[in-house]
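Every chain is named by a letter (A, B, C and D) in the order it is written, and numbering of its residues begins at 1.
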Amino acid sequence: MSVTNEEYRPLIVAFCCNWCSYAGADLAGNNRLAYPADVKIIRVPCSCRVNPAFILRAFQRGADGVIICGCHPGDCHYTSGNYYTRRRMALLFSMLDYLGIEKERTRVEWVSAAEGAKFAATMNDFCKTVAALGENKRLEDLRCKK
Amino acid sequence: MRKIAKSALDSLFAAMSESKKVYLPVDGEGGARYQLWTEGTVLSEAVNTVRSAKDFFFPQTENLVEFKMEGKKLDVIDVRRETEDFVIFGVRACDVRSFDILDRVFLGAPVDTYYKNRREHGVIVSLACNKPAETCFCQTFGIDASAPAGDIVCHMTDDTLFLDAKTEKGEKLLATLEGVTEPCADSAADEQKALIRSRLDKLPLKGLTADKFGGDKTKEFFNDPAWASLSESCLGCGTCTFVCPTCQCYDIKDFKTADGVRRFRCWDSCMYSEFTKMSAGQPRLTQKERFRQRFMHKLVYYPANNEGIFGCVGCGRCLAKCPIQMNIVKVMKKLGEGGDKND
Amino acid sequence: MQRIGVFVCHCGTNIAGTVNVEAVSDALRKEPGVVFSTNYQYMCSQAGQDIIKNAIAEYKLTGIVVCSCSPRMHEATFRKTAASAGINPYMVEIANIREQCSWVHKDTLTGTEKAIILGRAAIAKVNLNAPLTPGQTPVTKRALVIGGGIAGIQTALDIADAGFPVDIVEKKPTIGGKMAQLDKTFPTLDCAACILTPKMVDVAQNEKIRIFSYSEVTEVHGFVGNFDVTIKKKARYVREDICTGCGACTEKCPQKKIPNEFNLGMDTRRAIYIPFAQAVPKVATIDPDHCNMLKNGKCGVCSKVCTAGAIDYNAKDEFLTEKYGAIVVATGFNPIPMDKFDEFAYSQSKDVITSLEFERLMNAAGPTGGKLLRPSDGEHPHTLVFVQCVGSRCEACAEKGKEYCSKICCMYTAKHAMLTRDKYPDTEVYVFYIDVRTPGKNFDEFYRRAVEEYGVHYIKGMVGKVSPEGNKLKVQASDLIENRQIHIDADLVVLAAAIEPDKSARPLATMLTASMDTNDFFTEAHPKLRPVESPTAGVFLSGACQGPKDIPETVAQAGAAASKVIGLLCKDQLTGNPCVAHPDEMMCSGCSNCEKVCPYGAITYVDKEFRMPDRTTKVRRVAQVNEAVCQGCGCCTVACMSGAMDLKGFKNEQIFAEVDAICR
Amino acid sequence: MQKVTRDILVNKAKELLANGTVDRVYGWKKGEFAYDVTPALFKSEKELDEFVFGDFCGANVSKYLVAESKKAGGKILVFLKPCDTYSLNQLTTEHRVDREKIYAVGIPCEGMLTGSALKDKVDSVLSVETEGDTVKVETLYDGVKTFPASDLLPDRCRNCKSKKHVTYDELIGEDGEVLDSGRFDEVEKLEKMTPDERFAFWQGELSRCIRCNACRDVCPACTCEKCVFDNPKSGLENKAAADSFEEKMFHIIRAFHVAGRCTDCGECSRVCPQHIPLHLLNRKFIKDMNTFYGEYQAGEVVGNRPPVVNYTKEDIEPSEAVKRGE
């Protein structure tokens, strides 16, 4: 008799802007700052490229948490992109919360290219938070489950 | 014929549920809808459900087949399973007729095995309409709401439910209910039938006839100038088609899953701009043409292919639900008037 | 369907140490579209690139996925490789399995699993990639240098030397910057003015260089090769073209009591003034805040004494818009304000001064004519205490100081101590330090001379408190090596204030869309490989605006920035970024949402006639993107409800495909 | 209920047709029953014989102007309730309606009954009459029933946001004021629930969605040339709800797409055949935008910039936005 008692690992999709947060993630790598492999990064030119539909799509396809990382407000490579991100995500997250979807599953963090340590710390914390929530049930699409 | 006290309906449903799942109209937010009976479920008194009963045989979405991918290997998986027996209780005369209309589409060659599977396992227990609504016009299509078809036909009075098995399926089911029902005279429900008939006579749409329509009337109506003004305000939504018990159009879509593709079919609506779009484009480019298609199908094309039977059962759902209150009754009245010279 | 080749890099053991590269290339071989998959020790090496080129030829590849280090590292490399083998460079995608995988995950199993998933995402994306061709835009062959300190001066001279016209915008009435205020320079102790002022004259005389002094940049539009810059020439009330710089007005002006900023307020100037004798341009400027004529219309002395007739009280700020191909930021630094450092009694005692003030005190052209005299009583000080790292390396005092090392203080403090001891052997000089940092050519030798030859007392430890008592400054300090408290009765205390970027840098960065770090230093495009370029194309960095620097470093960087500018201006055409927004006109509703969020004004609208499927025609308002102006942020794509606006290279369907691949 | 009568409107229409100001009129045609009037276009004085007006003329006709104003010909006369004028302004802002082609006559509104709200209360309606604020309904089986109008009015009228016309070429009757409505009360009630309760509530509501698209197709903010949900290339297209995820996705994205543009006209909830309170989604966004970014009413002024395409440097962080009410 063998029971596989695999620890539950959440699936985290991280959208990172090319100029700050993706570079911040690279820096975390350069400095060998570990965070869980649950995090999978998608590179976008700017956090403002992230369409709410991408976030919903990730949840539909089985993501347990979605995090959007961009330059600090005021530091956007495109001057204002992350300001729009901030509004869009504030509204979207508030709506998801209104629909009863756990608000801890979504997050926006501003991570600069110099903040490798913050990137790693953020991902560690986010993974922990999402892992504690368990599997995403409220925005799942049963067809996408294996 | 057998009967049971209205107060003892629960025991009837409990007895039915012993062998089969039982679905019946239940009141809820936004109107009545079919639900699985469980202890404590109360039968709705509403004249009809918001969605028709066609879902039982022709669900809004249905998985047809699955493809599983492993590397570059593709497996085709047949997802068809033999359906369990089930009972739909409380189907109105109009909806019972709608099954005939659907049968002609799905059970005619080539047979739709998905539909057939469900149809064969479903037992229809109909219920005569005690209080037909002002939107009802089933009489226009020769349907008698006081005497519906069905495997078992029921009539409800203030205190009693009468059950009359009309088919072999119905008799089999009724036989299992002998413990909770008692026999009665075949004429026991006649009084109720008469009451319903007298009420049907008073309905505002009583006088509506479909006589001017039929399978051979394409030429008369296709270029009727009235289509332009009738369709003018149509939003192109699919409400009428989705609440309609006889609309049977569907589209087949592929959905990419984690490790393959699910091919499913889902209801489509001829009112949608993308309906029957092909590589060459859409055959019907304007809302007027799409609007015309729906009504021509119900009143002309369907009868043309089905021995004169109309594709509408007069349930009145579209009258109640159209966002802009355009509907088949207005269309039937307006067409052929010849007075509208617009467009 | 694409024919995709997958190339997994070991990066020595950098990747292969944590990721089973063999397993990755095997797993990815099975993905849809993949016709070839391999792995190699160093993909970026010539041999690795040859593997890619050969595979492109042999397997007729249409798309490439390289699983390697960050695309920020070698995306350009592999795109070139692909291009040289005949496929469009934008058919290459990188899966970052080093920085974002092998380096951050310890476990081979999970690392390998993640590497495969990242590879799949890249494959899913490449499957939807389309060849992209960058647009071409012409280059305006003129450069703008913002800031006229030694950094700006050197950059401008070098660019002009290559034959391109350069404009310098300097907000002060003269160029020269901080270096003009310095006395001697370390480690050679040559006089700053002697080496700077000839360069200032060169600038003034160079035909290719225009100086906009007393001017500021107020607006920047456009993009690399095509900037439109609005420059505000502040009203000087003196016509530059007529003023001879004779200085008569500055002697006759009745407003005498205005603190002289050039001498850091240690003496006064008039309301009409020339900052210093070697100013360039050497013209007078009226200070409108203090001029009686401008304030209440009563005076007019300067106008009367000006024989050239250069005074113009009615002058207004002028705005001019110029076109530039490149912009160099050389906004420099300032010492941080000392008023929050109460422990050093800077605000309480005139005899606690900053190092820059000390420079002026020692300078022959300074307020004391070069004699070291106490500001309070003009007495000659005998005991001097230099405090290093005031506000630098100051993690605990972030609200008033800086976390970083200001870099230049160790050396100039050694210089000050040495010069004091050299000129005034009767003095005792103490220097308190955390560390003495002397990493430069001849720097350590210089510091050792101060200690060994000039007898400067270097004490490792911080000054805890300076309290004025009578005409002495009681200095309380700790000696960390001897582990004891020290009390010194000092005559003069000199604070080596931390330096920070000039306050004008932040709004300028916003105008330029150039990024800054949290300390308001401009960020370089790459800290090692592109240290003089801003991430914003066409914007270059010179001098201390990028980080604390001494003069030789500044001049070196100024030259480097100039060479980058020259490289850019040499080109007739610039190749743009092909990853730009693109509207599907059939879907566009013309609602203007995209236009509203575009930071570059790249979107306009036209009324266009469309043939409808029913053979009628319809005129519709649709969006158009100026591909030369669009920088590809993608903000418009989300503002667009109908999805008509998409971003090439980061199309909606591509990102969906990546999401799907990751969440599979 | 309505203070303005059919005759006043018909006379106005005839006058404007006759003097050439307009060459067609958007109005309503009578149906089979008391409540099923249909929006319709009238092109001549004679056609106006079929023009009706009454307490069921609640459909927001401004959306029809998107297509109609692009057609050749003269101006189109529309009679707009106060709430409809906000939609017209918003459509003008987005260049969807050519305002020059519209002749808008503002008409006062006392609240409009809807067939579906009526039929929630009464079965088998034969006729409806209103006297002041009392509605008399003649039924097939229960005789005549009377209701105070407020019992039968849909939420959008019970919580009417404005009696003021924000755009018109001509006004019939007195203009009203922007009202201090309780339209966010329901939203607040939901916000106060626990996430589990909210999830259960919305699961119950949205699971009834049949994806008929009526909410979208009636919405004056949904005028895209092609909706993402109809466009196979968008990655969002789907013809029918095949999984409970899809109706959530549809309604979240739709609400997001109209955020800042939705004037809260309430048509979505009026037309939903399943009685899903869709306005509660839109109002959540409106309420959030008001609290986060300052009061904003879409359509109030032509050319206004919706909060979603705007920003300030001090905007609330998403992490703070979801904390409200805690």
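Going forward, contacts are C-beta pairs under 8 Å (C-beta built on N, C-alpha and C of every residue); 3 or more make two chains touch, one makes a residue touch a chain.
Keep in mind that this is a model prediction, so the values were computed, not measured.
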Practice task
Could you tell me which chains make contact with subunit A and subunit B both?
Solution key: C, D
Problem - Chain with minimal offset from the mean of all protein Cα atoms - result: A
Exercise for the section: Could you compare the number of C-beta pairs in contact for B-C with that for C-D and name the larger? Expected result: C-D
Exercise for the section: Determine the centre-to-centre distance between subunit B and subunit C, using the mean Cα coordinates as centres, and give it in whole Å. Expected result: 72
Exercise for the section: Report, in whole Å, the distance between the mean C-alpha point of subunit C and the mean C-alpha point of subunit D. Expected result: 53
Problem - Computed distance of Cα centres, subunit C from subunit A, in Å - result: 31
Fill in the blank from the handout: The distance between the C-alpha centres of subunit A and subunit D, rounded to whole Å, is 37
Practice task
Find every residue in subunit B that makes contact with two or more other chains and list them.
Solution key: 255, 258-259
Problem - Set of subunit C residues in contact with two or more other chains - result: 597, 639, 652, 656, 660, 663-664
Completion exercise
Touching two or more other chains in subunit D are residues 228, 235-236, 242, 308-310
Problem - Of all residues in subunit B, those that touch subunit D in their complex - result: 29-31, 33, 46-47, 50-51, 60-61, 131-135, 199, 202-205, 229, 232-233, 235-239, 241-243, 251, 253, 255, 264, 266-269, 272-274, 319-321, 323-327, 329-330, 342
Completion exercise
Listed in rising order, the residues of subunit A that touch subunit B in the complex are 61-62, 143-146
Fill in the blank from the handout: So, in the complex, the side of subunit C touching subunit D is made of residues 586-593, 596-597, 605, 618-621, 639, 641-644, 652-653, 656
Completion exercise
Per the touch rule above, subunit B residues touching subunit A in the complex are 255, 257-259, 262
Handout entry: subunit C to subunit B touching residues, read off their complex
Key = 30-32, 612-614, 660, 663-664
